[in-house]
Amino acid sequence: MLQTRTKQMDIGLIGTGPMGSGMARTLLRAGHKVTVYNRTRQKAEALAADGATLADSAAAAAGCGIVITMLANDDAVENTVFGADGVLAGLTRGGIHISGSTISVDLSKRLTEAHQGLGQGFVAAPVLGRPPAAESGSLFVMAGGETAAIERVKPVLTDLGQKLFLVGDQPFQANLMKLCCNFLIFSTIEQLAEVFAIGAKGGLEKETIFSVLTESFFTAPVHKNYGRIIVDGAYDPPGAKLGLGAKDNRLFLEAGAELAVPLPFASILRDRFLASEAKGDAERDFCVIAERAAEDAGL
Amino acid sequence: MLQTRTKQMDIGLIGTGPMGSGMARTLLRAGHKVTVYNRTRQKAEALAADGATLADSAAAAAGCGIVITMLANDDAVENTVFGADGVLAGLTRGGIHISGSTISVDLSKRLTEAHQGLGQGFVAAPVLGRPPAAESGSLFVMAGGETAAIERVKPVLTDLGQKLFLVGDQPFQANLMKLCCNFLIFSTIEQLAEVFAIGAKGGLEKETIFSVLTESFFTAPVHKNYGRIIVDGAYDPPGAKLGLGAKDNRLFLEAGAELAVPLPFASILRDRFLASEAKGDAERDFCVIAERAAEDAGL
Amino acid sequence: MLQTRTKQMDIGLIGTGPMGSGMARTLLRAGHKVTVYNRTRQKAEALAADGATLADSAAAAAGCGIVITMLANDDAVENTVFGADGVLAGLTRGGIHISGSTISVDLSKRLTEAHQGLGQGFVAAPVLGRPPAAESGSLFVMAGGETAAIERVKPVLTDLGQKLFLVGDQPFQANLMKLCCNFLIFSTIEQLAEVFAIGAKGGLEKETIFSVLTESFFTAPVHKNYGRIIVDGAYDPPGAKLGLGAKDNRLFLEAGAELAVPLPFASILRDRFLASEAKGDAERDFCVIAERAAEDAGL
Amino acid sequence: MLQTRTKQMDIGLIGTGPMGSGMARTLLRAGHKVTVYNRTRQKAEALAADGATLADSAAAAAGCGIVITMLANDDAVENTVFGADGVLAGLTRGGIHISGSTISVDLSKRLTEAHQGLGQGFVAAPVLGRPPAAESGSLFVMAGGETAAIERVKPVLTDLGQKLFLVGDQPFQANLMKLCCNFLIFSTIEQLAEVFAIGAKGGLEKETIFSVLTESFFTAPVHKNYGRIIVDGAYDPPGAKLGLGAKDNRLFLEAGAELAVPLPFASILRDRFLASEAKGDAERDFCVIAERAAEDAGL
């Protein structure tokens, strides 16, 4: 988190998986009052010891007036928001729903409309970073939504991460931005995979390639983190499973279809994800798509 | 350059274009004796004022015992080395040819063999960086060749750049490594181009996208330098023309063919380069390939 | 149609667009009793003059015991079958629903299950051919479903086309087979488009290329019909609009995703369809995707 | 052959592999005088029994005034034409060289220029068909060259095949047309391979798919011949090895590079050929590239 906030806020948080739990603890440390809800109640209980209050339904958590959802996919968000005892039902007129999940552009638009229709605010604020960054408050947060709504929840967004980007006044724009970031991660894996494949057949050591790249022009976290995973073949146990990457790439392609944008690199990634699934890598880390280039080269 | 060398060496340098001239001045500043040769003599003359000696032929420059070639492409290197009054003819037994150009794996192998046959050493030492980096001695140098040869010219290689990578004991490995780096540059341009295209159609500002990326996970020089060019549409005047990029991508694909490595991303780049040529962008910077994704999206 | 049937059957037909109307008239000519329904009643009225009876709802048409749906897309089929006064509601136990539309593998599976749950039969019988073939009874029909169900409606399927293929005992297999056929059409267009593009830049006449191909190894209807359209640039008025082709290609890719099958050619077609939409060709014939290869070549 | 010719001509034929031998016998049957030359003399000797005369050099065969070359690749043609005792040296002023081989656009242009410079004629006349078609005179011949030259050798070209196509007045245009035909063969294999792969995972029998396709819209020799090979997995022994297909696809891509034409399907084929080589299929029929789509689907 960037600084200690002086103003305590009352925040609901729905979805206490590794990401959501980390965010809850970060908000508690920042001095906020946090009420959590998880469909499987047990997963939320550990947070009570950290100072969180447990709610019995999504609607109850939404009763806080500001509610964050941090869920696995479109379906989970849809059920939690539109379902019985859901966010829409529990949020007061003037309340704000912050969606931190990586969801589709299409669902983001439907959420915007639904909340608007009830006089509620909607801010999409997907994040970049894995669970440890959620725990330490060092996520990157990219927010989209109407200025007034953003302003009201800015203290929360600021406390959640090391950096807050305001990307546009339509919530879906933040979701699109997030899908772009994930696409850049996946396509960097493929870039590196092709390089490691041709390098191997030319007799270059993986570590040598990794050094040359990450100590010259290719020094970004995306190069170092994912390059390291490929060099080590560290696909088990998975940090994030194949299906999760496949889903985000599919959402990116769907956004391309909706906006009429050909995306040739993303199409190649689609085939990498599908081939990985077909070859039995569903339970491994999604970075395993890097194996496909090696395999095609007979390695 | 990393440090001032104490041992003065006698070095020939062939090819005094923007890159070669910068390298010559860097070596002069480091205290070496530098003899330059350029096919078009005028281009070499300016270096006399900086302390270089002018040679009348490639063979004469090679007479220094250590000779660097820094030329535009395979053809130029081939003519300069194998031609009449060329490097092969001028280099003494035990002399060493350092090839700094970005050339094909195939030519690198033929050069290795030819020099070996005459008892001469061959080191491939392509560089990463543009002319200003050559001038200031801040290139990245990746060297391949037999250990003994590398050791003898290490002071030169060290003085040329900010960092020296030893990538393998076969010279072609350094050329392959360099082609990999260039492929990563080209494919990063395509990555970003797809992101800027879908972003534009979703109403995101280019500067916003650039900030989010380069201030989060995508902070490498390759992201910042090339992203900035795309955001600004700074393709004229060209830093390096379309054909130069097209050539390097072609060499990468040819290396893939020789080593039997499918390279789907590089194939897409091939089509981007060809479409750019077909549409009249031959005289612009090669980064103009980023326009193709935008165009396909109707922008 | 293959032969005059002796056994008159009582058939409902839902969806009287160009395809459905042609099929209705073909069945009437074969001596069947045909009851038609269309959401926009006017479009069905012309068939009364040909001897068809008009129904007031999909359920009423389904009351015939055998009902054919011939609709534009998944949504239309879903509404007509599952909706109020729909096919599921109107079909008697033991009745059979023949789905002639090009729909998704996923919807086909859901229809199979829904009908089964009510003791109704479901046969998928998508067709190959355009409206004139539907009128003249010269469609190709590919049917999937349980043997018993297929046997019962075989006279109908046989009367509809010049040839009936039994592709498998699961209805979705017929839908998959149909998507494969459409993919072969689209990818043949791209094949030809690349050939015409490079031919044009090499100074070859389109008619010359067309002759060489269609009089040697490439003599199939798919070559002749679509090759002719490309040679003539006959994209207006459309025989079938861009969106129709785009939809079928999307369904093919979705089937690939569900079955974990990478489909690189189909991904390229995806980009061709999207680029065509982005460039304003939505109201033209889907064969206009052939323009993209030409455009990329600067033509 | 189309008809019996009355006018006997004096023809040299260089390259008596399976294709060239078949062509020689077809010309002999048509009543021509045929002088053959092969680098490995034994391979030509069998033709003596059929009435051919044996020459001792390419130059000697070219002495006939009309000489056909039917060789494996660019290198063989280049050596045979430009080498010592080659075609250029042996052909009289006014003589005509007919190149039947599948060669590059680039070499065709160089041959055109070289022959022109010596007052000789050059006609490119590549053929479509395998050895049995060469034997029976049922090849498809596509010829390019100046009208006067074509007219003079028309009887020969007509006798060689079942059909003669005149494609343009520049020889390279015939070579380009031939590369286009081969590209259509390769890309049809990939089309079918993707269909068989998704079909298999959907439980469709290969024979069923083959029937539906080849008895409906996909009835061309290219569908039936290559579809049958894939269905039977008949890759051994090879009719034509992997490298032969890979070479022709490479020449097609090179023509695309020279003419600035992006060719996305051909790029995918490139990767299929390379992956096949990498996986040990070099000695199998080139149709084995169809295995790649199956493999990527985990089959």
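Chains: A, B, C and D, in written order; residue numbering restarts at 1 for each.
What we mean here is this: a contact is a pair of C-beta atoms (placed from the backbone, for glycine too) under 8 Å apart; a residue touches a chain by one contact, two chains touch by 3 or more.
For clarity, every value in this text was computed on a predicted model and none was experimentally measured.
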item: Both-way neighbours, i.e. chains that touch chain D and touch chain B; value: A, C
item: Farthest chain relative to chain A (centres taken as mean CA coordinates); value: D
item: Length of the line joining the C-alpha centres of chain A and chain B, rounded to whole Å; value: 38
item: Inter-centroid spacing, chain D versus chain A (mean Cα positions, whole Å); value: 54
item: Chain D, residues touching no fewer than two other chains; value: 256, 260-264, 268, 271, 274-275, 277-278, 296-298
item: Contact footprint of chain B on chain D as seen in their complex; value: 250, 256-257, 260-264, 267-268, 270-272, 274-275, 277-278
item: Residues of chain B defined as touching chain C within the complex; value: 271, 274-275, 277-280, 296-298
item: Partner chain A, residues of chain B touching it in the complex; value: 105, 128, 140, 142, 163, 165, 167-168, 170, 172-173, 176-177, 180-181, 183-185, 187-188, 190-191, 194-195, 197-199, 201-205, 208-209, 211-213, 215-223, 252, 255-256, 259-266, 268, 293, 296-298
